[in-house]
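Next up: some structures, all given as structure tokens.
Here come two complexes built around chain A, the first alongside chain B, the second alongside chain C.
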Partner chain A sequence: MKPGTRLKSAACDTEVMVIRCADGQIECGGAPMGEAKPAEAAPLAADFSAGTLMGKRYVDADGKYELLCVKPGKGSLSVDSVALVVKDAKPLPASD
Partner chain B sequence: MPTEPQAGNAGPRGPAIPLARWASRQLDALARETGSAGLAALDGPTLLGERGSNGGYVINGKVSAGLGGSRLLPTRDGRWFALTIIREVDRELLPALFGEPDLDIRDADAIAAAVLRHDADELLERGRSLGLPVACSDERPKAGAVEIMTRGAARQRPAGHKALVVDLSAIWSGPLIGHLLWQTGMDVVKVESPTRPDLIRRDDPATFDLINQGKANVLIDLADARQKAELVALIRRADIVIESSRPRALRHLGIDADVLVREVPGLVWLSVTGHGATGEPANWVGIGNDCAVAGGLSRALVEITGEIGFVGDAIADPLTGIIGAREALRAYRSGEAQRIGLSMSAIVATALAEERAFDPGLLEAELRAWGEATGKRFPCIPRRALLAEVRQPGADTRRYFPHLAPC
Partner chain C sequence: MNIALLLEMAAEAAPDRVGLVCDGKRWTYGDLLDAARGAFELIQESQAEYVALLDESSEAALIAVFGAALAGVPYCPLNYRLPDADLKALLGRISPALVIGDEARVTSIAGDQGHLIYSREEFSLKAQETVPADDAREYDPGEGVAIQLFTSGTTAAPKAAILRHSNLLGYILGTVEFGSADEEDAALMVVPPYHIAGISALLSSIYSLRKIVMLPSFSPEGWLNLVEAEKISNAFVVPTMLTRIIDVMEKGLAKDVSSLRAIAYGGGKMPLEVIQKALERFPSAGFTNAYGLTETSSTIALLGPEDHREALASDDPKVRARLTSLGKPIPTVEIEIRGEDGKLVPVGEPGEIYVRGEQVSGEYKEKSALDAEGWFPTRDAGYIDEDGYLFLSGRADDVIVRGGENMSPGEIEDVLLTHPAVADACACAIPSVEWGEAVGVAIVTRDGHECPCETEIKDLIRARLRSSRVPEKVVFVTELPYNEMGKLLRRKVKDVLAD
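What follows is the complex of A and B.
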């Protein structure tokens, strides 16, 4: 897995772009994400069904993982079953 | 032309900014349509050049003037890619842009070398997915310059009605629309968030003051349901709204522009965007210099001079300010509620095409002179005197929202 990889949820419509990652399993809706969509959808785990928001950046507590949501869905993101949280957006400083 | 040296900025002045005459013609027409003395006193060279003149900007070729956050870089397939980095957090996206985890994101040469390892279309697609302001010199804007997105009922206004403008925008183009409307005598309320203020006030106070003078200023925390409800109530009383958020940002806040335009007779809602307010381009980020590249202005320069470069200073911003004001005033006079999407890159493309049709020889001469002026300072624009007070953040919150407890 490298930065710039686009991953799809097996459980919902979510798609993310990998900004930063390590060796853990990236999941959405409780199911592993992959570059291709599986033929059969995975069930949406109740614990990981808060949804993703387009354009939001999601991070883990250690700063090892960062994912950008490029397509929203009903699942929520996790790494090795630990939920990721939304990173605060920064306003634009000036026009350039 | 004044040639007095300024500390740190000594050097000859460059030529007129191409498209400034086009901007003057739009302003002249608008001043005639409205009979506004304030608009008649303005011209294209002033609105396009005052920031660069006041700031002592230098014409910098492949690096944008001023902050220098935009660069034109060659790609593997022999095209030109404009990459803009104005927030440090955006650097964190560069490994993903190039698919290169070990890229030194602080090193401009390493970034340029990475651009050269990729094709332009790939960088454009991935950059736009990542929310970076990126452009290619040979792309064509997808949206129209001005698109009517939603229409609503008309409103008859009594003679002498004083229009209320709610300006939710930030930076340059949106606030300039508000400034031009203020010049015609409208009341303009600038809305800022205590957590996301308009950073131009801090970063470029001279420009901030010029384009926000005379506007009332209110602070509204959109995370607070009561304050947001008060703002929506103000919008329902307004004649014109100016907003430059990406559509999903508005949706996340729970403000539905289309519903408001359908429900409030006569409400004119301007959505200022980089590349279009509907469909896929609505998700793309665009600001002044990269949108000028996407609008074909750097391509026009290289076709004439053989050298690519940025033309003007974030020129898509002031051009969009002028066209936005024109469209707002026309819609307001029609009385019909409408939501109008403005595409900064398509506005540059339109201005360029119209100027080329108007006087191709003169445009060519101006582009040639601009290209030859690399290293010179921006043309000198007499500093405009302020005509009104610049209100402090939140100075008018209580006046407009008497029911909100003081924060």
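What follows is the complex of A and C.
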């Protein structure tokens, strides 16, 4: 895994771009994400079904992981079963 | 990651929404992505090492940026205002390139350099017509250079500044919320495509899903007409453009500008008088002063609408002076002021502006200008006041060193401009046998005023500043030389003063 890798959810439509990562397992809807979609969809875990939002960045508490949602879906993101949270952008007054 | 992701996401989220209006034609995000993918095919096939643009803003510029990004070939927009000889030299530095734009001119000055040349129309049409041969095309991963821009070279020969995908994405992802624009929002783009502000405007508008309306060739009347016709909400202008817009409004051209919510400006020093008038002329708009450089992927500091309003309403000279400041560093970069010894200077003291952050490339094709800790020396001189506002005093190279004393041309010019008969002024170093350098000033007299005598000018400076600032030479000129972005060409003034 490296920055720039595009990962797909096994449980929903979610796709993310990896901005920052370490060695843990990146999951969506409770199932591991991969570069290819598995033939058979994984079930959506109830604990990880809050959904992803297009264009949001998701991070862990330690700042080791950062994922950009490039396609939204019903699952929510986690690393080693710990939920990621939305990173607030720092929107500026339109300057260009 | 590749900057083309920005357009891919826009097309994924809103394929049928209009993303670009140019010459009356409307393009959806879906259309634009298809054309960028078509352009990828043309670029791949050409085996060009660069994609160059020698043209005003149009859909071709946008298609070329993203097509080149998908192909992993640097995009290099060129300044069409350069004389033939200079342009030929720049084209020679990027050969073989796929060049879009002024076919006749490129053929005549650089026809033997091995370029593949398309007119704007031909390129746009071919990019739309070309369908990727293979659905599962592998596009460039975006680990290299996205953009190469030749610096304007106001002080020396143009340098090839390079911006990596990671610099530009760092800027956009860190400062723009995806899809944050309302469907009615429209940004009016007049900055030429070879300027960094023209590129960052494309990227940030696409990512926020804000419709771009292009005005390829600026005129104040054309600008006001488009604001009314397209109900423009956002606009970026350089100071000289704003001056000309207010001028035609004062002469009676009345257009509905009530849709304007945000006007950003940058690229040169904004005269206090102009910004004060602008705040009155555009009551619905919030003003933002954006400061940035090519090497920093655009904006690194800004003075926002709230600061503008507060400064204008204040009686405190210190707060009022903020109208001429660059505001504060944006949250994603760090800014420091360092002295000639490379050490931090105390608050309020002038020095060179240093910047660090993901968006800061600080890299030229020949070498990187970053220091070991990643700081970029901007060569701009300035200071930060006790409240954290950044002020620009000129280029570090423009500092006048008289007998070991550093003087900023800006402080001398500011005093000169308080004289009722002085419309414009430039101070620069002139050779001095006694002091190494001394102050010389060139002055433009205001219409309808008597030309002040030399003694009067010297007395004005002596009364307001230290005697070392008193000019040894004063010349009166009909106008000062500016480039098309409103940057004062001090080099040329120096030549006049040296005569």
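Assume the second predicted complex is superposed on the first by the 93 of 96 C-alpha atoms of A that agree within 3 Å, B and C clash if a C-alpha of one lies under 4 Å from a C-alpha of the other, contacts with A are read in each partner's own complex, and residues count from 1 in each chain.
Here, contacts are C-beta pairs under 8 Å (C-beta built on N, C-alpha and C of every residue); 3 or more make two chains touch, one makes a residue touch a chain.
None of these values were measured; they are calculated from a predicted model.
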Chain A as common anchor, with chain B and chain C clashing or fitting: clash
Partner chain(s) touched by A:Asp62 [first = chain B, second = chain C, both, neither]: neither
Touched partner set for A:Arg20, first chain B, second chain C, both or neither: first
Which superposed partner A:Glu35 touches (first chain B, second chain C, both, neither): neither
First (chain B), second (chain C), both or neither touched by A:Met54: both
Intersection of chain A interface sets (partners chain B, chain C): 3-4, 17, 19, 54-55, 68, 70, 90-96
Complex contact set, residues of chain A against chain C: 3-4, 17, 19, 54-57, 68, 70-71, 89-96
Chain C residues within the chain A interface of the complex: 1-2, 5, 8-9, 12-13, 141-143, 173-180, 187, 197, 200-201, 204, 207-208, 210, 234, 236, 262, 264, 266, 286, 288, 290, 298-299, 302, 304-305, 330-332
Touching residues on chain A, where the partner in the complex is chain B: 2-6, 17-20, 53-55, 66, 68, 70, 90-96
Chain B residues touching chain A - in the complex, by the definition given at the top: 64, 66-70, 84, 86-87, 89, 92-93, 95-101, 126, 129-131, 170-173, 196-197, 199-200, 203-204, 246, 248-249, 252, 283, 287-289, 314, 317
